[in-house]
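Okay, so subunit A shows up in both of these, paired with subunit B first and subunit C after.
Up next is the complex of A and B:
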């Protein structure tokens, strides 16, 4: 059994993302480096959804983005392999 | 040249024409992101893609290319063993840390890092270009310096030493899910000032490390998942003058996933 245990945060059902960034196939540190760069392209208050395909990224990307002052609105497993992280840019 | 590992925009601008200076751009190259070397870079810089230029993909994950292969790449970039290499990232994140550690592991003596990276450079309205410099090839010699590196067997042999600190540089929630026995935790990004995108003030950095017991009189082994975030902390500790720092490049992928060694 995986030791990874991402904190599940159900994203608000009425939420609409401004951008979606597919990071499947990417691992640390590229997952959070690219998530951060994608946010840099956006305006304050806009919402980004990032898709990752490993539980470790679903554990450390939300915390990394939170540390930088953004608001993580959701972190959910969306199928057998993938996770969706929803974040509002600070 | 100054002896400081961390250099400012002003310092780099003043030294752009130095004959021994070589600048490497380690920023992410992703066609979906309108940034990176192709869009614009610091004059004289060459692109440095860690995955492409330093590692080869194997079934067990990325593996460092042979020193000869890396030496051939550095030679083609016009880098000599006595070059002053300045690295820069978008800001000062794990990619520049990884490149820094790698060059130190290859025994390169003079490696500098631009504090604040590309953000600081463009904020200062320093010159940028799309020109790709042509450099005469050199005959670079790469020799691995194992004092900059650690492996699992070395940690097992030395972990009981009172002067050794195992420093886990992952996020605290990752640390809580399992870490090397006896390791302390300070996430790599604790070194960053998120407002300025630079490293924090030296006094503050030193206090953060000392608070978890990572003092300069100790030998510090840093690790994370795959050795990239820990490479960043390796770089930060060297900018603070810590004399004995090793990066466990294999990190948790090697310790737990590959070898099944115990966690606590």
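Up next is the complex of A and C:
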């Protein structure tokens, strides 16, 4: 069993993302680093979705984004390997 | 991607993660221009950490060549560099560490005729000089140009660091020491010796203060003189205030042009004059605060 247990948060179905980034192939901490850089390019209140392909990132990225004051709206496994994280910029 | 190359995202990731830096702060560092006065004991760690941090342009003022006796503390230079101009070995070390950094070489002795032109291009000046004439010259030039000066000095087992920023309400070097000591009164490292690690501590503190000024984060050493005693392994702090009677940044400055003081070489070695000067200063400080 993996030591990483992402907290599943079902994203509201009526959300539309302002930006989406495919971060598959990236590992921690670069999944967070790139998510943070993506948010820095966006306006407050806008919604970012990132796709990661490992449970460690799906566990840590929402936590780190929350620590920086953003609102994590969703964290869901979307297929056998990938996770979609949805966050609203603070 | 996001205004960085993929390599830069990896290289600076531990900065970008920091809430007080982020991509925004890292871009400030990449755009910053810092001048190092001297590529010796203090300049070495300062240059290497600023280069590693991705400071966009590092100017170096240095006219000396590498001597075997420098290698005990001046980490920019290696054994194979002995005899080479320090500015060249500094450039090699910095380029090898981080190709993002543009090294601007100023292979000159600073004097009243060139200092204003040289500092004009830079955001922050880092003082790593080992002599009083240059220390006063750089201080006065930074006051005239309104530039922050991140100062450091070392002597035997003791070091000091502060930020002089007269343009933003802080004191300058002359607020503390209005005029140079008479030639011959203060020994140089060459005569008194210096612990090799000591500039590593003080030069690294100068690098931190420089980065904080560029980022606009934290509380700088402006108005505070940090004193480090390696033998006691003790840091102390002295409040330093702008002197209204300062000859260069006071209310009625009497010094309005740059001065080329004579070199202070061949000095006999008196008993710890720096400590004595600081004790006297501290007494004045304590007395004035009551």
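General remarks:
Following the convention adopted for this analysis, the second predicted complex is superposed on the first by the 90 of 90 C-alpha atoms of A that agree within 3 Å, B and C clash if a C-alpha of one lies under 4 Å from a C-alpha of the other, contacts with A are read in each partner's own complex, and residues count from 1 in each chain.
Here, contacts are C-beta pairs under 8 Å (C-beta built on N, C-alpha and C of every residue); 3 or more make two chains touch, one makes a residue touch a chain.
All values reported here derive from a predicted model rather than from experimental measurement.
Superposition of the two structures on subunit A shows subunit C clashing with subunit B. In the superposition on chain A, contact of A:60 is made with subunit B only, not with subunit C. Using the contact criterion defined above for the overlaid structures, shared-chain residue A:37 touches subunit B and also reaches subunit C. Of the two partner chains placed by superposition, subunit B and subunit C are both touched by A:68. Contact with both subunit B and subunit C is seen for A:29 once the two complexes are overlaid on the shared chain.
Taking subunit A as the reference chain, the count of touched residues is higher for B when subunit B and subunit C are set side by side. When the shared chain is aligned, subunit B comes close enough to touch A:5, but subunit C does not.
Note on the superposed arrangement: subunit C collides with the subunit B stretch 73-81, while the other options among 55-63, 73-81 or 145-153 stay free of clashes. Residue overlap on subunit A between the subunit B contacts of one complex and the subunit C contacts of the other covers 29-30, 33-34, 36-38, 40-41, 64, 68. Across the interface of their complex, subunit A is touched by residues 1-4, 9-10, 13, 16-17, 19, 22-24 of subunit C. Of all residues in subunit A, those touching subunit B in their complex are 3-5, 7, 21, 27-30, 33-34, 36-38, 40-41, 56, 59-60, 63-64, 67-69. On the subunit A side of its complex with subunit C, the touching residues are 29-30, 32-34, 36-38, 40-41, 64, 68.
Taken in their complex, subunit B has these residues touching subunit A: 28, 30, 32-35, 90, 93-95, 98, 170-174, 177-178, 187, 189, 194, 224-226, 228-229, 256, 263.
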